[in-house]
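What follows is a group of structures, each given as structure tokens.
The two complexes that follow have subunit A in common; it is paired with subunit B in the first and with subunit C in the second.
Then we have the complex of A and B:
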């Protein structure tokens, strides 16, 4: 079996990222997350009343809606919604709110690569802002394998176009395990494990960022 | 999700306060809330904050075939999305009354007033024209979505740049932004709408109602004007009856407000133009003020990759071997595959075989052991005898035929 080794790239880095919490007045929790030029706005309503057709007797019904910037939502948005919803359901303690609805709405403000990881990060910050109980935090990291076999983390749209594989993982905060993975392209088993290891390392930075931003926010008591 | 209903005491309080010329946020009767305009990274993206009401507009363009009745005019398409993020009352996909009303008003305001030169959008008459699409997303609903949407739409249209096109005989070349500078749209005037809400059967009037005030109002008058004091559109809803003097007074107030807002838009566009020329990064990220306690921005950080390869090697070594690959699918008939163990399902094969009652001369061949990985094709021409599903004899028997016998499946 040919082992496709991934060469270490010198410029593996995360683009500058930023976040603003509680920027919308109507949603119960809202956050905007920016990774380089990719930015996403997340709004969260819940726990609220649920339609009888959608209610679950022992848990809250989580609904995720992703709105693209141009046009109406299509199949692409549906598949992204499924990835985000599964990650959120795995971390939210939804059994605390039976027969209620939790609605998470994500608006794509600008897409310059690594969209799914930006959506996951925005979703986690909005859930935190809404004060929903979670068993763990999660973050999304995207890495791409370019034609030379190098790993690039947090690729821009131009970099994504030239890559042979793009892998996005949702990593949880307690054990740094993979909660969700969404990949496109072909890669070997070894490359997959290396990408997971790189994403786990990158997730450390994101979790530290979550901690810092929440600490900053609650540093002044009103 | 249902919105929380308005309680009676809240309603009475608001109406009483309006009678005493007082508003919830301390504004005067004719005061607008603070308008803040920011732009996104690419051309044609604009955010407008009207107090706490927030909308985002994005303009995009596409080459399409023109309408048959107007072969040398471009197409303008407006779409205002009431996102569920803006209010719990908005539902995804459902065309509510408010959404229809806003869409229609936006169209009347811009398309019917001919504020954009659609003839300049023509590339090849009758074949290819530019379709300009404006998507307005409502992000937070705190009243007066219409005004915020018109400001956002016209600002985004002024900000937008379309790709340059050149025609050489039969060939049309559309240049990318890197090849040639994109061109702005030609806009004649900027219609901006001003909303007036009426209370107590037209006795009291408020400009720019917030969400609470909108809930208790009797009717709404929307006047769209440009800075040249030309009325582009008037819409009165709610069934209130207004006197002529009231409408004229409102239009005078509207002209003052519109000129203020137009200067604000002009300034915002100027600032953005300067910033882009100076090469500064423009976008949503830059508009986030760093001083706020709810904001945090971190610069580019490298990711350590030192022992990634070793970690990956370890994981692969310690992981279990993958389970045995299942045997390749068995193909009983074209278009039907079967994987795994179990009964040989020959459902549907009987009719096929009974049709082909050919006399096949078959040589006696030793039974081949099916190698793993080969796709076993069982077709009529094979010498194996396939037994139809019967309770007594469920096992597939493959026997070599004798010379002269037909290969029809015998039904027992």
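Then we have the complex of A and C:
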């Protein structure tokens, strides 16, 4: 089930994004998310058996694994995993599955900038596809501040190299609040607040896209 | 609340959608009070005075006041009262451990079979298929299975499966097969003479008169999820004419 969206230049411009759900047969939920040239594949397993050493008595144990395109996972992937895991744990109703494990595996297919937001979007679509109960949806938006002080949303890798700050936010669908933020570089408080406002505006397009793609998926079956 | 829910029946909803109480739900001190309750099934959860959607799917309604979200999924979560197909994995003392596809293995006591006593133990080996009903199934306890009903009769449950093939399908397909007036079930049963056991945990066991027919039915089951009704009828006609 593939859905594509094209965004022309507006005040908040995102690259062309698309997603496909339920494309892998083994995982309980799977999704692929594409933003411009950045592409990510997500697979979700659970609720499944958990090792006694890792079990939590009142919640599900969520494990996120990010595999880079080339090479073995390193410290960079570990920090991305922590960001994704904290966002997922905030939105999943994990108290419904105590002493179980939920495993989310994200494979980077191509990285052309805004990788963390693409991972977050792919994770949310995979969680929805698996049918896991959530309190809200979440999406990831990246923006970069270049040397002139302009804010660029959804930057490519080339744009990210020239910018003095890169900020990624995870936004929730109910109140448009910031669930997680990951930033690199130097910026002022005023610029931070501007970036949050821009990302909240951009998140509306993503949530509308989520809703449309889920609607298309369910319209096919009787 | 009922009106708010009924207005969205048949729509696709995503987690985070809420239904708020309407003005007419407020109890009036002067007029007569009518009490209306809405029963919220899987996918809907109560959060104070609101009803929130927790999985993405289609909002379904059954008269008079039952609402639930129908979602596609593959992973089974045990629910009390459902009949499932399990695979016996361990035989330890008086209890069998059965894999039902959930996060924890279920336990099945050897006395939960028809006519079983301490002297007359049932003939169950590791690897056998068992059709049983979930007696205890909640998030805090280990699931328990029984192969008898309340009156002590087997009622079709117990060990089965000599010959035949068990396949794994999605939960949505199982619900479609077990629906009261199911086109899919009537088409499949009209195809070849066969026996079928459908477990609510997404497992279906099929046995037909020859191995080839069994394999054809299993392949059809796994492919029917992605076919529309018209495509399915075309495919079934082709098979009936012996094209495969």
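Quick notes on this one:
The rule is simple: the second predicted complex is superposed on the first by the 209 of 222 C-alpha atoms of A that agree within 3 Å, B and C clash if a C-alpha of one lies under 4 Å from a C-alpha of the other, contacts with A are read in each partner's own complex, and residues count from 1 in each chain.
Note that a residue touches a chain if its C-beta (ideal position, glycine included) is under 8 Å from a C-beta of that chain, and two chains touch if they have at least 3 such contacts.
Everything quoted here is computed from the prediction, not taken from an experiment.
Counting residues of subunit A touched by each partner, subunit B versus subunit C, the larger count belongs to B. Once chain A of one complex is fitted onto chain A of the other, the partner contacts of A:135 are limited to subunit C, with no touch recorded for subunit B.
When the two structures are aligned on the shared chain, A:161 is found in touch with neither subunit B nor subunit C.
Looking at the shared chain after the overlay, A:211 reaches subunit C, while subunit B stays out of its contact range.
With both structures placed on the common chain, the touch criterion links A:112 to subunit B but leaves subunit C unconnected. Legend: residue contacts after superposition of the two complexes on their common chain; A:100 is shown touching subunit C, with no touch to subunit B.
In the superposed pair of complexes, A:54 makes contact with neither subunit B nor subunit C. Of the two partner chains, subunit B is the only one that A:71 touches; subunit C does not reach it.
Of the two partner chains placed around the shared chain by superposition, subunit B and subunit C are both touched by A:22.
In the superposition on chain A, contact of A:39 is made with subunit B only, not with subunit C.
When the two complexes are laid over each other on chain A, subunit A has residues 22, 48-50, 101, 217, 219-220 in contact with both subunit B and subunit C.
Subunit A meets subunit B in the complex at residues 5-6, 8-9, 11-27, 30, 32, 34, 37, 39, 41, 43, 45, 48-50, 65, 67, 69-71, 73, 101, 103, 105, 107, 109-110, 112, 151, 153, 189-190, 193-194, 196-198, 201-202, 205, 209, 212-213, 216-217, 219-220. Every residue of subunit B that touches subunit A in the complex is listed here, in rising order: 1-2, 40-42, 45, 52, 54, 56, 58, 60, 81, 83-88, 92, 133, 135, 137, 139-142, 283-285, 288, 292-305, 308-309, 311-313, 315-316. Interface of subunit C with subunit A (complex): residues 12, 14-16, 18, 43, 45, 52, 54-58, 71-75, 77, 102-104, 139-140, 172, 225, 228-229.
Of all the residues in subunit A, the ones that touch subunit C in their complex are 22, 28-29, 46-50, 91, 93, 96-101, 128-137, 172-174, 210-211, 214-215, 217-222.
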